[in-house]
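Below are two complexes that have chain A in common, paired first with chain B and then with chain C.
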Partner chain A sequence: MANTKTDEKLQKIAKDLLESGEVSLVIGYAKGSNPQRMRPLFITKPEEADKLSFNHHAVQDLAVFLKKPEVKKFGKIGIVVKGCDEKAVNALIQEYQLSRENIKIIGVECNGVIRQNLADKGETGVSESTVYDKCLICEEHTPVLYDFLVESEEPKLNLSGSVKPYAKIEELESMSADEKNAFWAKEFDKCIKCYACRQACPLCYCSRCIVEKNMPQWIDTNSEETGNAQWNLIRAYHLSGRCIGCGECERACPVNIPLMLINEKMARDINNMFGYKSGLDINAKPVFGVFSESDFNDFIK
Partner chain B sequence: MEDKDVKKEEHGAPKISGDNSNDPRIIAFVCNWCTYSGADLAGTSRMKYSDNVRVIKLPCTGRIDPLFIVEAFKKGAKGVLVSGCHPGDCHYTSGNYHSRRKYATFRDLLGYLGVDLDRVEFSWVSASEGNKWVSIINEFTDKIKSLPGKSTDIFTKK
Partner chain C sequence: MEEKYFEISAENLKKFVDGIIADNFEVIAPIDKDGETFYGKLGKFEEANLDILLPKMSYKEFLLPKTETLLEYSFSGVDTEIKDGLEAVVGANEKRVIFGGRPCDAAAGPIMEKVFNWDYKDEFFNERFKNLTIVSIACEKPDNYCFCTEMQLSPESSYGSDILLKKAGDKYFAIVTSEKGLNLVKPYISLFKETAKDKVPADKDWKKLFEIERTKSFLDKNFEHNYFQDRFLSCIGCGVCTYTCPTCHCFDIQDEGNLKEGRRIRNWDSCQFGIFTLHTSGHNPRVTQGDRYRQRLMHKFKIYSEKFDKYLCVGCGRCSRNCPEDIDIKEVAKDLADMA
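Up next, the complex of A and B:
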């Protein structure tokens, strides 16, 4: 398949970076064996740079690899990121998991990525009804922080407002406790405790997750109602105020639990309560690292 | 507390009984410096309050991980109270401010996932507020008792 201008720009940036020795690894996307899918690509040699590519099928958040020890050992790394993925890089820098000096951010302007289930059926057009909900509420089509920017040649995403992103959240908010409980009990009942949500998450970087700590065993490891609810609740809590909304957990979930309904709801409420959005500023303190004397106090007697 | 209330599980950990809606078990996680002293004051002043509550003392509200709340519900508690020093009074300067952010978020999440928010309560009780402790416990117990017998939560088996 022919290279687009975007591909050429990406390849040139990666090649220069590797040739000059500024980075020893570039993480990016390559075309998959199926044209409707993109796969992650790791390159260490300048001559491999011509495999790099980017288009609206580049769904995966590559920032997830930055937490892996086998990637960290490369030292200086270049990474191709969309606006949403870039926020994960920022959050990692904010939480001292990554040093700004060690990363070269190759930002690409993104006008939305196509839902993979639709892409697999042959969908190739970016429109309101074909992209992920996260793209509809995206405010960072151009990454907020980058060392290199590759502009998009594709048309902007047109929003008519006919598709309401995360509409289920308002619906759930208006339900009674019993109805909400019934909804989530049914969803969590499907969970098989594979922890794919955790593995796909760029911000779940603890080398030992709470679910693996068994002295005491905080979270039941059985995959039935009780353990499932605890796991999903605690994971959502640990991501509150940190989740950057890339949606990888939901995409990775083999049983389709709508995890983004929880993450997005918490992101909204954190913003309402504390005026904080995750991943926008590498110099901001994480929301639970600071406090204000005038914080939300209404619920305390 | 009478001995019959504590049933020993096989591995020896006490099981919280209180399935009976007339005798619901309430777990209170309190900080060492303010609320525990407040509760102590209530006791030494011979004030009476509901015996449904079981007090667990920790150094600071900042030490009370939301996992503790989950654990209490999991073990069968009908209500959980978290109580610490008033804002500005924390023995460790800012533990309660940090925890206030955490609880605001965690409470919100619990509510969204379908836990009846009448079952979790947060309060600031200082070492001199024995009266406030008594009224909070009594009111909370009454509230828990008034909940429908099979109140929902996602932590226990249906």
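Up next, the complex of A and C:
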């Protein structure tokens, strides 16, 4: 497949960054294991830049690699990010996990990525019925922060309104507590405690996760009702106000638990309660890291 | 037992499966759920999706559960009572049948049986394995992730299956390989027509893309090779490969409870987790993800075959299909073979 203009621009940026020594590593996308897949690519030499590519199959959030010690040791890093992924980079900077000077943000304009399970069955068309829900509500088709921007050649998503993203959230909101409990008990019953959700998340970077502490074992590691609820709830809580909605947790989950329903609901609640959206401003203080005297306190009875 | 060969029409196969369900057999088969296919309990034949290649997860949970209780204890203040978890397993699920799995999944059983009977006989595994009847369906169209052929099996292998069904137009040939399989068929023998081996279509000539022996040969001599550190920078250690794999069997034993009562349980674990080999001293012999992924390759394509004469991989390709970062183990195994 011939290089697109997007690919050529990306390759030039990466090549220049590596040649000049401004970065020692560029993380981007390359062709994957089938024509409808892309995969992460790590390049350290300018001549490797011609393997870089980007299209609507680039589903991975490459910001997840920024927490790996094996990647951190490269020091200055260039990273190719879609708008959603870029918010993860911002959140990492906000939380002092990453220095702004050590990262060259190569932003790509994205008009939607095709759901990988559809892509694997041969889907190549970008439309409101083939892309992830996150794409339908995305307000960062152009990343909010970047050092370089690669424009997209693909048309903007046509939203007719016939597909309602995260429609299940409204349904759940109208349920009673018992009904909600029953819904989630059924979903969490599928959980096999593989922690892929945690590993796939760019913001789950704790060097020792709460589930790995065993004196005492705060969170049960078994794959049973209590342990499953404990794990999924604690992860939801630890991400509240921080999750930027890349959806990698849900995509990585081998048993298809609809984790984005929780994350999106939390993000909406946080926005309603505190007027805060994660990952948009590297200078903003994390919402649960600070308090203001004007914060509401009507929950104190 | 010598193999027995039968023919059965598609319609009679349906009657057979619905029949054993009515006879209170617990039939586990590929079932669609929310746009994906998983092994689940079949209510009736029609619910099974026999068109897809493979369900997303293997059925190893029926041999090695995600969580199982090894023992329970209660302390009265004077005496401790122990209840052996094995009691719940012996004789249970004798009427469990896995129907519609593929030859790769079936091969996992006898391959894992070797390590579970090596230096210690794992009665939990053995009881479950003994009670399971496997009825597999041969593959007609593997995909680009499949590599059972390279793993010295084949899309039409009966290894590990009590009955292997091979589709031929609107009927199936049934190759019954065991007494267990024959016992399942006997009450419905009128639906089956006995036939001779030479009537069963010969296996197709499946081509190999690489020799697994060459992969092993590279692994034998290249422990420190940079390939492992570079190639697996993209691995996030999510463990989905190990959890969806039919032959991965690492487990973690946990104690839960208090002074009065509790239990010891065994959970699935993964060599891909960062703390899998973390010592109490703080030292971790497998400290990078490259070290950990190398270990997976070593275990599957070298160590197990040296101990048990079988590779610890059936080539089902789930690890590749399910990897969030698109690491294709068939590609990796071929890379190693090419470098050998």
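Just so we're on the same page, the second predicted complex is superposed on the first by the 300 of 301 C-alpha atoms of A that agree within 3 Å, B and C clash if a C-alpha of one lies under 4 Å from a C-alpha of the other, contacts with A are read in each partner's own complex, and residues count from 1 in each chain.
Here is the rule we go by: a contact is a pair of C-beta atoms (placed from the backbone, for glycine too) under 8 Å apart; a residue touches a chain by one contact, two chains touch by 3 or more.
If you're wondering where the values come from, they're calculated on a predicted model, not measured in any experiment.
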Touching partner for A:Asp295 - first (chain B), second (chain C), both, neither
first
By the touch definition at the top of the document, which applies to A:Phe188: first (chain B), second (chain C), both, or neither?
first
Chain B versus chain C as contact partner of A:Lys180, first or second or both or neither:
first
Which of chain B and chain C A:Cys206 touches, first, second, both or neither
neither
Between chain B (first) and chain C (second), which does A:Asn256 come into contact with in this model arrangement: first, second, both, or neither?
second
First, second, both or neither for A:Ala167, with chain B first and chain C second:
neither
Where on chain A do chain B and chain C both make contact?
220, 224
Using the touch definition from the top, list the residues of chain B that touch chain A in their complex.
66-67, 70-71, 74, 87-88, 94, 97-98, 100-117, 121-124, 136, 152-158
Under the definition above, what is the set of chain A residues touching chain C in their complex?
32-34, 37-42, 60, 64-65, 68-71, 117, 120, 192-196, 199-200, 212, 214, 217, 220-224, 227, 248, 251-252, 254-256
Contact footprint of chain B on chain A as seen in their complex:
172-173, 177-185, 188, 210, 218, 220, 224-226, 229-230, 233-234, 236-237, 240-241, 262, 265-266, 269-270, 273-274, 287-288, 291-293, 295-297, 299-301
Given the complex with chain A, which residues does chain C contribute to the contact?
33-36, 38, 56-57, 66-67, 144-145, 229-230, 233-234, 236-240, 243-244, 252, 254, 256, 265, 267-268, 270, 273, 275, 288-290, 320-322, 324-328, 331
